[in-house]
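Inspection log for the structure reproduced underneath, given as structure tokens.
As written, the chain order gives the labels A, B and C, with residue 1 at the start of each chain.
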Amino acid sequence: MYASPGARVVGEGRDSYNSLMLTPPAALEAILFAAGEPVEKKRLAQMLEISVADLSLAIVAFEASLASRGLALINTDEEIELRTAPEAAELVKKLWESERGRDLGKAGLETLAVIAYQEGATRGDIDWVRGVNSSASVRTLLLRGLIERREDPTDKRRARYALTSEALAHLGIKRLTDLPRHAELARGVEAHVRTSDVAATSDVPESAV
Amino acid sequence: MYASPGARVVGEGRDSYNSLMLTPPAALEAILFAAGEPVEKKRLAQMLEISVADLSLAIVAFEASLASRGLALINTDEEIELRTAPEAAELVKKLWESERGRDLGKAGLETLAVIAYQEGATRGDIDWVRGVNSSASVRTLLLRGLIERREDPTDKRRARYALTSEALAHLGIKRLTDLPRHAELARGVEAHVRTSDVAATSDVPESAV
Amino acid sequence: MPLDFDIKTDTYEGPLALALDLIEARKLLVNDLALGTITDDFVQHVRGQEIFPVEETAEFIGIAATLILIKSKSLLPDLALTEEESADVDDLKRRLEAYAKVREAAAELGRIYGKQVMYAAGERAPEVFFAPSKDLNAPALAEALARVLAAREMVEELPEKRVKPMVTIEEMMDKLAKRVQTAMNLSFKDFAGSHKDPSTGLRAGKVGIIVSFLALLELVKQGAVAAEQFDPHGDIRISHTTPSATPHYG
């Protein structure tokens, strides 16, 4: 199941963590289970004392080992998180009697859709394509932890938005590319939004949202 | 790895949980993962809609599937619980140490600041003032002993947060009012929190965005 | 005039949603023909809206103006659009196409959201032990809070700043009707030129002309005035059809 990169055992020949006989995927599993929240890939590589490239291989192997099991890995560009598999949703729901309100509403879904299918959308992009001021929707999505703000590397005053691991978990998908009709809709949304960069509207300073 | 008892699929041929294709061991894994505590076998059998005898078989199969992985099953007469494997103990310790040795960062400091200047802030207050979901930050601050949860005297289901005495000592102050610009900043937070009572979010089910 | 399509006026979040609903109700694709077709209903809606969210008014009127431009062009093929106007038309088409995709995407998300939630690991009562950090001190706390509060102030102040005086279609209708009553013959160019820039926040000159044109179209439709264009590039002449009657509008 787990091929060459994992054949080396984590901590092998070192005292690092007690020369334990855990393969990198097993080590990943333990850490993610214990953390109970998304963990940065960078940090994982450090903890496992492996390169980022080896970590990627370990992630692939770990994910493969999760097939037909009760757990699944959510993979964003920076973090991974262990969650219950989407197929287990009905079952796990029984653990908690009361369920959180989960209706996002039309405006919330549209705003989430722009950010989901056009990674790194700005407030200007969202307003431009929806034709309305989206600050209230963006704020609610932030409050619910479904999106997060990231600094634009080229312009620090501009915020770009991205889906969180929590959002993917609520959508029951493991990564953005698993979104329904991903390639097609991303192309439709993105091509148009991108060309709008110059015309981008919204006189609202992004930092304020 | 997984033998006959698991070959039957949980919920097969029934509408019980959406006829999802989870084997009993996989279903066990998801439930135990999400529960985070020991779960009674009786209850598990009910949830999976299988007999106690079938559950025992599923447990055996699940346990076998955990060999050489990062998790382990703790099996008592009445309950079972999923934990990290003993071999991962050092690694998990390392995770917690690195977690506790980290800087609080922007999110952590902001969350702690709201609680410091607004004693007895709720999760909703914190989220509202910061404009983002603060659950991860609150969790970290609790874990690091910087804040503690107190019961709201008027509403027992609502948690209110306050700085611990250790946190005050670390900040070098005897009481909260000794914080820099206390009166001014406390007034500032309060003004925002006051207006947010109706709209307060987080643990309250939100109707729509 | 009743709307041809059942549109609930209070459900509109914005002008693009309205325009797209009107197009989709007619099972059309986003193109000049479709946009020309929905112009009347769109304008009708804008006029029928009594309470407008102030900050969306500019967007509604702006898009109404572009739609009227498209319709005008279809009625008067010789109407030459300026570069800026063509850009507005293209921009509107691109936005509508993109928004159509966004709505499809939103429908897809709505279909799966919350249906198969992947639950997080259960909260284990953690071992709490005191672990402060290097970046934690009293001044850093004060600074963090001041930053948060400053950001909140900005958010809360913003809406007021967006309120701008607007030219309304009704105002233009009134003005045009009065001019028609006092002067039997009036050139469209004269009228549009006499329209003083009401600082709309949009490009007032263009908006003035278009709104005038719209008002003219409306009056023509109601039979209150007759409009003639004698040569392709010439002025549109406006005259009263029934001098004795008071035009009915609005």
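As a convention for this text, a residue touches a chain if its C-beta (ideal position, glycine included) is under 8 Å from a C-beta of that chain, and two chains touch if they have at least 3 such contacts.
Everything numeric in this text was worked out from a predicted model, so none of it was measured.
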Centre-to-centre on C-alpha atoms, which chain is most distant from chain B? C
Where the centre of all protein Cα atoms falls, which chain's Cα centre is nearest to that point? A
Cα-centroid distance, chain B relative to chain C, in whole angstrom: 46
For chain A versus chain B, what separation do you get between their C-alpha means, in angstrom? 18
Could you grab the centroid distance between chain A and chain C? Build each centroid from C-alpha atoms only and quote it in angstrom. 35
Could you pull out the residues of chain B that touch at least 2 other chains? 30, 33-36, 96, 131
Multi-chain contacts in chain C, i.e. residues touching at least two other chains, fall at 119-124, 151, 155
Report the residues of chain B in contact with chain A in the complex, numbered from low to high. 10, 16-18, 20-23, 25-31, 33-36, 47-48, 65, 68-71, 82, 84-85, 87-88, 90-92, 94-96, 98-99, 127-128, 131-133, 135-136, 139, 201-202, 204-209
If we count contacts the way the header does, which residues on chain C are in touch with chain B in the complex? 119-124, 126-142, 144-149, 151-152, 155
Per the contact definition, I'd like the list of chain C residues that touch chain A in the complex. 13-17, 55-56, 59, 63, 91, 94-95, 97-124, 151, 154-155, 158, 161-162
In their shared complex, at which residues does chain A touch chain C? 33, 35-37, 72, 74, 81-89, 92-93, 102-104, 106-107, 109-110, 112-114, 116-117, 128-133, 135, 139, 168-173, 179-181, 185, 188-189, 191-193, 195-196, 199, 203-205, 207-209
For chain B, which residues are in contact with chain C within the complex? 30, 33-37, 96, 100-106, 108-110, 112-114, 116-117, 129-131, 142-146, 164, 166-167, 170-173, 178-181, 185, 188-189, 192
